[in-house]
Structure formats: structure tokens, C-alpha cells
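Think of it as A, B, C, D, E and F in the order they're written, each chain with its own count starting at 1.
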């Protein structure tokens, strides 16, 4: 397991447990053991059981956890997603944090799957953005993949993306691309955000590898695609939702990036049902 | 500023910037300065400008940040929420993280305000839950207050709440409350989740200070309120949304807790518009 | 084991071992194994063997540790408190830190037990304060429980206690209580420190849940108890020692809080006697 | 300020404040300012005002702190030790942690001074041990110096001290010293604990630089001193208290080490008296 | 300043200073002030003065530091590289760590410059590798740029490079490239290490964006360049030193990567000459 | 394993792996297993296999690692230094960091051995300095021992060494030694750097325990040795290399310290050859 994930879980547990789970320490005998099942109360696409498992493991390494649905698999209401057995106090102390992760990550995977399904049959990939929850990006990016989406750059350090504000400050598309072109590591492609065909033409002339069509009307996007696809990678972004994503994909773009996948996905309702192990 | 907030911001910046913002380092001269405005592209209730400010301050202490809207204040589309001035690279490197915090926290405050408005004129307080984003609880709890809500316990260590799973494992309401009663610190009230009038009666007899009516139908809730209000604090929870919250409040409960405030609020669309400082 | 405890132990070991235990590395062969016994050289009440065990475990997971006396149990001079077996270097490197924890925590438990014994037969509980050793609060609060005492709030975040300085700054008891009453989370009781019957009356009128009688003479305390017990929880504090604690308890207060439990307990003398394992 | 001190203070504040000081946030307006004085309620020797100052500074850098008594200076009941001015919430939130440090460190300095005074006029230095509070060693070692004592090695990494358990496991004084002698860094002296004149002779023959006479009766100690002083540095340890320390010093030893300086010093009673700044 | 740099410096200072600089505390009065100059005792290319400055700043923010030579500038023996003024203890405590960074980073920049000079006039860029000092990669990569080199990917997360071991395990060049091609983020190019013309052909057919010619004899490299340059980016690596780098560049490759830049650069001799500030 | 080593490895892995090893995740099936051998491509002296092993263990505890050459043992070209077996992804992700440590530490051990061999038959010990790689001191000091050298003080906290800058600021050798003598912990020897016989005489008169002859010509060094050996420990330092070290040792000094052991050792070429485990 990636050390980043272990650290995210450790911080979440510290936030919720801190010096102790007063309720469980008061009401539950130290020796009591329980077993429980994670129950889907809404349909969805699974992501994050390994994170939930890590929550229990960190609270008590003796907890046994068994996943019943695979990462990326769709589930229906009533599905048992996983089983967990161990000291009752540990299960109760880790329950909420495990569910907070699981509900959110399933939410991201589920919303991603909806978008992916809408563009089936087109060349377009659904990709995420950096509009993720601070601190949880690695998990949310995995949830996007679980939903069938692809990942854009992870962070500011693994991709060159010249956005509107860079272009405004650098003095135009040509200047911005030229500066990047001169010194970027050869392992990274150079992507530029454009808002007009004029900027698009400039971007290609300046040597961009990828263009992001920002908030373009569909007709303009079609023109842009006709001009650019095959020469550079073409990404569409801005104001894309479940209603219009198919039309955007229909223009022939390579990538459609959607911030809502991670910043506005609703949690999937999942509960943990515990019972005393007799 | 609370050290927890500084730490949350530091981790979010580390996640996004890591060894460096390749794009800004390539395309923006080190000496360039810019100014920008945070622009509301949707209406909402403000929360989190101090967090956004801290993002810029940590990247470069020389950045000047001026809030234009107060915590908890409502804003309309087009409102300038804050202004920021400083080295262009610093503004570009901190932009996304600052927006990620701000959009999410305004989202929580805005949704909370909607619930609060629906119960205006009743005795009911809208309260949050522990269904918060892992790692961001302190910020989200503040956003709930900005929206006019109140906070439930912060974590497992500052409140006693015997939930269904505790009761299942402890062997019933009476046993659970008695065990807690015997040793809980005197600074904490003891709250019990009940799902029936029978459990409610048991809870009061056992000495609970607060009862949580979990997923009760309205009529049953009214019976419960008639029995319990004035003797203990009464909280309603489970399946409460904008459509039914007024009816729940109409039963006379003291508190209505809603997980969606923090687990399913949509981000409010806010952008940062930068320009070169001439 | 709570992550806070693991972290406290890790820091203590880092403080003492740092880059290495020069003496053991020089004088003890890497392959040597030893066994040892923790020997009580004074009588006392046990607390903290799990912390001592964690010290050895972190230095070398292969160390075997067996507790011979239970948390909270009284022991006499010469008692074997625990046995430990493992690589000699690991035992020698962890010895001092393990003893530093154990001697201090037994000291707290032992002093607490003395106070608890003095108030046997009264309604009064002996409780601790926030006058703990910086960094060791969780362990010292557990030691108080091991000694038969109860815990007051753990920290500033899990209890509302309006003290003299709050009242001075807030402008009086009534103002302070009213402000707290208006917005405190419902899971927390509101406690107020009072120094006179007039303040006590004010506190109850303002809606305090708990009152702390600070440094009151016994007669005044009796009056206060007569007025307040049964209506609110009553705590006595200030200048209470082994000589006068029984008299204070005799007034009928519910709680007696004593800073000396944690800030001035003497260490119990305990040694670790090692021998080479043949 | 040493980074270790900053870190100790940060952890102590995190322990006590965590997500927030509920009481001050509820009862004290954000804009209120206060001033206060640290008042000695018992006589003592000062240590740790810089640590107390750091507590306030970390909570709010705008707090002004003025020390009125110097490190190592003796003070009487009623002395004003320091003054502090700033935002009232910050003063209230940092108060307890600042006092916890200050009371403890003054306690160590005061007890050390008592021992130092008893051996005035002899060649003996009073030195500390590694029996310090886990996590606070640097501060307590400074407090010993403030009291007029000297420091023994700081930790396992900056001194070679072959104790009873090393000798038991290494197979005797000669073997232990020889092993250390062969490879110890030349910057460190080699010290050996001996319990008999026979071991003392062995130690000197083996090349020890310092001997620790452990729990020796006075007459035996005198013999040991006659044999060893001038050839090696001689330290006495074990069972030394205020009653017998002068007699031990009278034997002519160079150093007297006393664990009680740090493991059993009583806190000096100090309070912070705040008032609203008008 | 990037938070990663601050953290690297903080750890280096903690490693060297820990609980305190015994020598300076003993021998230098707290009030003494000194000034000093960093003196080049060998010629070289400068890198890392900002890191040296940060060392002093962290030990004492009141230290004044003035750089006299710019990053990337060449210097001769006897050049004053920087001046520093402040509390003498702070200068003495930070001196060694500051020099350790500076000497090493100048060493890397100097060696890089030598390679860069040898390939002047060719199309080849000198690039670094991941063969950096554990923990210091960000600084060493900057030193490479100071020397006129370019950076390869920073780490495993910001570049796709299929090396011999990947190919061995994945079952050949075609399989490895195909797997990467299918799911790699579009912001990253795909690079493949090849050791023969046959593998090179395979790599291009499979869609590689960059090829690394590993340890190829010059003639074979020329053939490879003839085949691949213009179609993909071509990097040479393996066994390249100052004697043969010009010949390698002469083949027409785009990039020459050299591990020795960071794993075997010799420190440049630099001293800090201090004097008491009168 | 010392916690410092675990932490060094964890940071190195975080630096290189961060959110993930993109290449291995793309190209290598999660279930693939591999085995590999560490192969010496140059002769050398071994140090650091335990560090390499820890790299793999932290990435995946299921990796099996078997050392084939002992710490401090010399090896020839083609020697298999260790074998490793486990999940292919884990081996690939940890490979570079493990090699970066191993190559560097073998480099230090190998260079040290060369110096040690040159002074065989003399009384001189080869010792290291504080001119180590920031963050890696503990590992490099162990590598020096593996090469047959000895360690000087580890850091500023475990040795008193009055260097030229201390003497300049303190006002001369006598003043500096006297100040140190008065208060240094008795466990530490006092060492002084001298550059002339006059300073040497002063140092001995002032009570130094060790003298460091800094950059002395051989004849002067011989005079110094004649004067000082037997009275104090004598260390030579400054400008010592493989060519002149035997001559320096021939003067009769006790210690020869050499910064180049750690600041300018070349990496030993070692590779990891992996193959799929069938």
C-alpha cells in the first residue's frame, strides 16, 4: 500500500479518535468481539474498500476484513460490500472514518461511471481535474479510474498546463508556450488552454502538444476539432454536465475533463451493520 | 490561526505543489507581479476566506490578501469576494488549492443556510454530524456555523453518543446508558440513539441527557417529543432533506442533524481572475 | 493501542536513543540475549506497563514482555511487576525510557489512590485537572483512573469551563454563562468557577450545569453545597491536600479536583534487573 | 530558539488546544484584549520563562511578553515573574500550557538549588541523570543548570556509561571497559558504574575515565575516593537526598548525581492574573 | 521558498544541532556578534546559496545574509561568494550544515558545467537521472540546471520510463509500451530504454515518444539516431564520461543523461571565515 | 533497526515514489512476481545492505531479501551482493532508491578502506568528520566503520571541538578552552584546533584533552607530536589525501580525519538484475 494512503488514513483517524473514543471505552467491554457487514443503501460503483480496510487495520491489526465487491464493480441496493470481524471497540472506533472514505469514493466512482456511460462509443475519454478535495487527491483520482475515467496530471509537478491566468500574465499564448517549450523536461507534454480559434492556431504554431478548449460553444468546438485533432491531443472543459457531455463527445475531442467528478459528487449511502459475535 | 488549520493548508499545498509548479516556473518570470479578484459565479454563503488567504501566505508571505465579504455573509453572482496581490508565480501556484478550499466551504455554508432558512421560526437548530470529509472536519464545522447551523460533537473524544451499533453490542439501551453513566467525565452529556418509543422510555429511565430519534416517522416523532422534550434534549436524524425538514422541525425537536451538510454539498463556483500588475 | 500513545513512546525513544546507544553498541555483542524483571523498590499502585511494553516493542519487535500486575492493582516492595526477554542491546537501550514512564505513571496512580482512600464512603469523586505534564496528558489521565480517580475534561476542546480569568475578561459570571449557553454544542455541559455564594447564585440563575467552588473555606463550601447540590454538579478545587481532603468531601460536594495528582506526584522507585540469558 | 524547544511547545499546545478552545471562543469576544502578570505563590528559582513566552507566541505572534526575573534567579512569594499583553482569547488559550511548563521547570530549578546549597564549599558538583520526563529532557536539563547544577550526558548517544546491567551482560567490568575502550569515539570519556572497591580497582586498571560509585556506604565511598580521586573523575549516585548530600560531598567526590532533581520535583505554584485591557 | 527546501534544511539542522551546539554554548558569549565571508578555495560554478542562507535563517532569523555570486555563475579561487552577519553562536551552529549543502551543490553544478561545455555546439542537452542523493533530489536537480544541464523526470510519478527491468518483467518492448500507451495520463510522454536496433524498431512501432539508447557503442548509436531522430526524442545513457561525451553528442542524440552528475560529483572546497564584530 | 534509519528510508521513498510509480503501475501486472540479484560492476567494500533491504521492506513487507556479503567485506567485480524476491512492482519501485543508498555507502566504505590500508602498521586511526551528506550522517558514519575507519563526534551535541572560528570569536585558545573547561559535561573530552606550536602549547596549558593539528606541514606536525603525544590525543586534519596520508601517519599522530571520506567518495557501480519469477 502506498505510504501516502497510509498517511491519509492515519490523519483521518487521528482527527476522529484523538485521545480516545469515549463512548466505546465507556459502553463496550474490552473483550467484546463483533462482526459486521457493509451494506449498500443506494446503488453505485465501488471504490475505496482498501482504504476502509486500512482504517480498521490501523486501529487494530487483528481485525479481519473481507472485500466482497471489486474496485470498479457496480453494485445494487442491499449488496454486501464487505465483511469485518474483530474487537468490538476497534470496529466501533473505526466505523465512521471508514464509511466517510467509502461513501465519498463510491460517490466519485459512481458519478464518473455516469459520465463514462454517456460517451460510450465515442473516442472521448472522461478525465478528472485538480479540483479535488484537499488532502484526498490520490484516493479521488483512483476513484475516477474505478468509474472508468482517466486521470489528468496529478498535480502541478507532473504536467505543464498553461491556463488563462498563465497566458494573461505571460503575455499571450505564443509567449507562454515558447517559454515552456524551451526548458520543460522532455518527459512532459505541454498543454495550453485556449478560448478561441485564434488562440488555438497560435498554440499549434507555438508547438503545444495538447490543447484544452475552455468553455467553447459546440459549433466552435467542432471547428477546433476539425483543425486540431490528429495534430495535437484535444481536451474539452468547462460547463460540461450529464446533459451535454454526449454532445461534447460527439464533436470528436480526445478528452473531456470535468471538475464535478471530484468537487461535487454526492456520497453513496452505505452503512455498517454490527452484531455481537457470540 | 489555529495550528490545525495551518497544517491542513500545508498538506494541501504539499499535495499540489510538491517539488514545484513546473508550469509557472517555466512560463512566468520570477519578478512578475499580478493582482486578482475572487469572483462568485454562483450565489452562496461565504466560508473559508481565511483558509484561502493562508494558502497564499504559506506559498509567499509577501502576498497581500483582502477579504471583501465576511464569514457567513450571503453573496450574489458576480460578487468580488476577495482581492489578492503579489508575485505572479505565488498567486498561480496557490490558486487552485485556495479555490478548492473556498468552493467546498462555501458549498457547505450555502447548503446549511438553506436548511436553516426552512426551519426559521421553530425551536429547532440545524446541526452537523461526523460525516465530514476526512482531514477537513474543523473547516467544515466552521462552514456549518457560517451557514447558521450549530455543531454536534467534534469527534469521538468530546461527546458520548451511544448509537445503534453500541446498543447492539452492549446489550440494549439500559445497559449501554448505565455503563456510560457510571464513568463518563462530568463535562460531557450522554446521548442515546433510539428507534422506538420503547427505547426512548428506556433511555430516559436509564438517565440519558440527550436522545437522538433515528429515522422515525413524523407521527412517532411527535409522540416522542411529547414524551421527552423538557426532560431531555431531543435530536432528530435520518433521511432529512430540504423537502421534509420543516415538517420535522414542526414536531418540536430541539436539534435536527443532517449528514448531507458536509458529505454531499456541491461546490460553489468561484474563480480567480488574475492580471499582470503593471 | 491508541496512536497517541505510540507517538509519545516514539518521541521519548528518539529523545534518548537518537542516532544510537553508544554504550550498548560498544560493550554488548549483537547476538547476546538477556532477560529481566521489573522490581518494585517501593510500594505503589500500578499504571503504565503497556507503555513500558511499547518502549521495548518499538526498539525491537522480537522482545517478549509479560505483565505480572494489572493496571490499577496495588503492589508491595519486592513485587515483580513484569518480565522481559530479548536481545540484550534492545533491553538496555529501552530500559531507561520504559522506567521513566513506569515510575512516573505509578507515582500518579499511587498518589491518586491515597486521595481516593481518604474520601471513601463519601459521595465525592477525586478528579484530575489540566495541570499535567506537557505531552503526557493521556497517560497521566489513565494513571489517575488506575488510582481510582475520575477524569475531568481532557483538554480545552472537550469541556466548557469558565474560570476566573474568563469571567474577569467577559465581564462577570452572568455574561460569561449566557454567552456560552447560547452557542455551546449540546454534548458539553457548562461549568463555571465561582469564589462566593453571590457568584454561585448568579451561576445557577444563568444556567450553569456544573459549578466549581474555588478555594472556598469549609463553612462557605457547606453553604454552597446546601444551596447547589441536586440542582447542579458541584466541584471543589484549590488548596486541597491529603490532610484536608476528607473534610472537603464531608461537605457533600460531588467532585474534588486536585492538580497535584499530576503535577507533583513523586516517582515510584522501580528497577529493571537484567541477566544474560544462557 | 532551539528547534527542539519550538517542537515541544507546539506539541503541548496541540495536546491542549487541538481543534479549539471552546470556552474562550464562546465567552470571549474576538476583539477583546487583556493583560496579565505571572505571580509567584511560592518562593523558588526561576527557569522556563522563554518556554512560557514561546507558548503565547505560537498561539498568537502578536502577544507581547516581558520577563521580569532572569533564568536562575531566586524569587519570593508575590514576585511578578513576567507580564503578558495581547488578544484575550490567545492569552486564555495558552495560559495553562505556559503555566504547566513554568511550574515544572521552576520546580526542578528550585530543588536543584537546594541540593547545590547543601554542598557549597565542597568540590562536588550536583549533576542530573537521564531520569527525566519523557519528551522534556532538554528543558529539564536547562532547569538543572538554572538551579546551579551541571548536566550529565544528555542521552544514550553522547556519553559512554557502563551500568550494572551492561556489566552483568558483558561479563564483568574488565570486559565491558575493554570493549568500549577499543572503539569509542575519542570525544567521549568512558564511565563505569561500580559497587565495590574490587570493581573500582578493575575499572581503573581497564582504563575507565570516570567511575560512578553506586549506592556505596559513606565509609566505602571514602575509601574509593582516596583510591581514585585525581586518577579518574569520581561520581556518587544512589539514595542521595537533602539530608545526606552534604555528607556525600564531604567524602571528596567530584560529582553527585540525583535522579530526583527531575523525576520527583514538586511544581512551584505560579498563577497568571489576567484583566481586561481597557 | 519551496516548502520541500525548508524541510530539507530543517532536517539537516536537526541532525547536526539536535539538543544543542555544546561547543558554542560553552565558549561563545550569547551576546557576541560576528561577521563572515564564504570563500572559494577552488574554482567552480555556484549553486545553493539560497539553501545556505536558509540554514542561517532557521537557526536565527536575525542573521543577515548577502549573496555575492549568482546561481549558475562561475567563480574563481578566492572569490567571496556571500557575506553573513549575526549572533556569533548562530553563525557557528549553522556553519557546517550550510557548507555541507553549498560544497555539494557547487560540486554538482561544476561537474555539470564541464559536461555541458564539452557538448557545446551540438544539439545534445546534458540531463540528470534519478541517481541523486536520497533526500536531496530537488536541490541537486536545481544544481544541474545551474550548471547548464536540463532535468529528466523528477521521480517515478512524473514520467513514464520503461527500463530494462520493466521490459524483462513485462515480456518485451512491445508489450510494455502497449500497456503504458493504453492508460498513461496524456500529460506524460512514454520513454523506453532500448539496447539494440531491433528493440528500437519495436519501440517506435509500439508508439514510444522517447527512446533511451542504453550503453550502445558509438556506431550503433549513430545508426539508431539515423533511424529515430525527428520521429522520437532520442536519449543516450550509460558509461558516458568527460572523455567520450563529445563523441556521443556528435552522433546527433537529443539528450545525454549522466548519473555521475549527482552520484559522484566531488565537493567544491569552500570555507567560512568568521571574525568578531567589534 | 534504529528509528533514524527507518525514517531516512521512508523519506527517500516518499521523494521518489510520492503518489505512485506510474511506469510500474502501467506496465506490470499487480500479480507479477520477480527475483533479482544485486551485481557489483566495480570492486569495493560493502556497506548498507540493511538500508537497501529496508527500502524493499517498506514498499512491500512481503519482499524477501538475502544478503550475500557482510558489512565491511570487500567484493570483486561480478559479485552477487544480495538477492531479492517479491512482487515485481514493489521490486521495481524500490530499486532505484535502494541502489542510490547502496552505491553511495559502498563508495564511502571503499574510499575509507583505501585510506586505512595506507596507514596500516602505524598507530593512526582514520576518522571521519561532520562533512557528511545532509540527512545521511548516520549511514555514512556506519560506512566509515565498515571501511575500517573510526568515527569522530556525531554532531554538535556529542563532542566539544573548538575550531578556528570559535577561537577567533572567543578571543584565543586559552579563553576558549577555559570557558569550555568550566562547564562542559564530564562525559565529553575537550578538543581544540591549533595551527601552530604556540597554540598547541597554549591548548595543553589550558587543559585540552585532544588537539587537532590543522593543515600543519609535516615537519611542524612532527614537532607537535613530539610535544603532545602521550599527554593528549593528537589528531591531524586538512589537505590529507591518499598520496600523503602515510606520511602524516608516520609522524605518530593518533587520529587522521578526512572530510573527503564522506563528501567526495564516488559511488560504486552496482546494478539490480531482475527477471520474472516463473
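Going forward, a residue touches a chain if its C-beta (ideal position, glycine included) is under 8 Å from a C-beta of that chain, and two chains touch if they have at least 3 such contacts.
Note that the coordinates shown come from a computational prediction; the quantities given were computed from them, not determined experimentally.
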*chain E against chain B, contact positions shared by both copies (same if over half, else different)*: different
*Could you quickly compare D-E and A-E and let me know which has more C-beta contacts?*
A-E
_Length of the line joining the C-alpha centres of chain B and chain D, rounded to whole Å_ = 45
*chain D to chain F: how many Å between their CA centres?*
33
*asked:* Distance between chain A and chain B based on Cα centroids, please, to the nearest Å.
replied: 21
*asked:* Show the residues in chain A shared as contacts by 2 or more other chains, in ascending order.
replied: 17-20, 137, 154-155, 157-161, 183, 185, 188
*What does chain D use to touch chain C in their complex?*
8, 11-12, 15-24, 26-28, 32, 34, 36, 88, 91-93, 95-97, 99-101, 103-104, 107, 130-137, 155-163, 165-166, 168-171, 175-176, 179-180, 182-185, 188, 259-260, 263-264, 266-267, 272-276
*Can you check the complex and tell me which residues of chain E touch chain B?*
2-4, 137-138, 141, 154-155
*If you look only at chain D, which of its residues touch chain F in the complex?*
127, 150-154, 157-161, 183, 185-189, 191, 210, 233, 235, 254-255
*asked:* Under the stated contact criterion, what part of chain A meets chain C in this complex?
replied: 10, 13-14, 17-20, 58
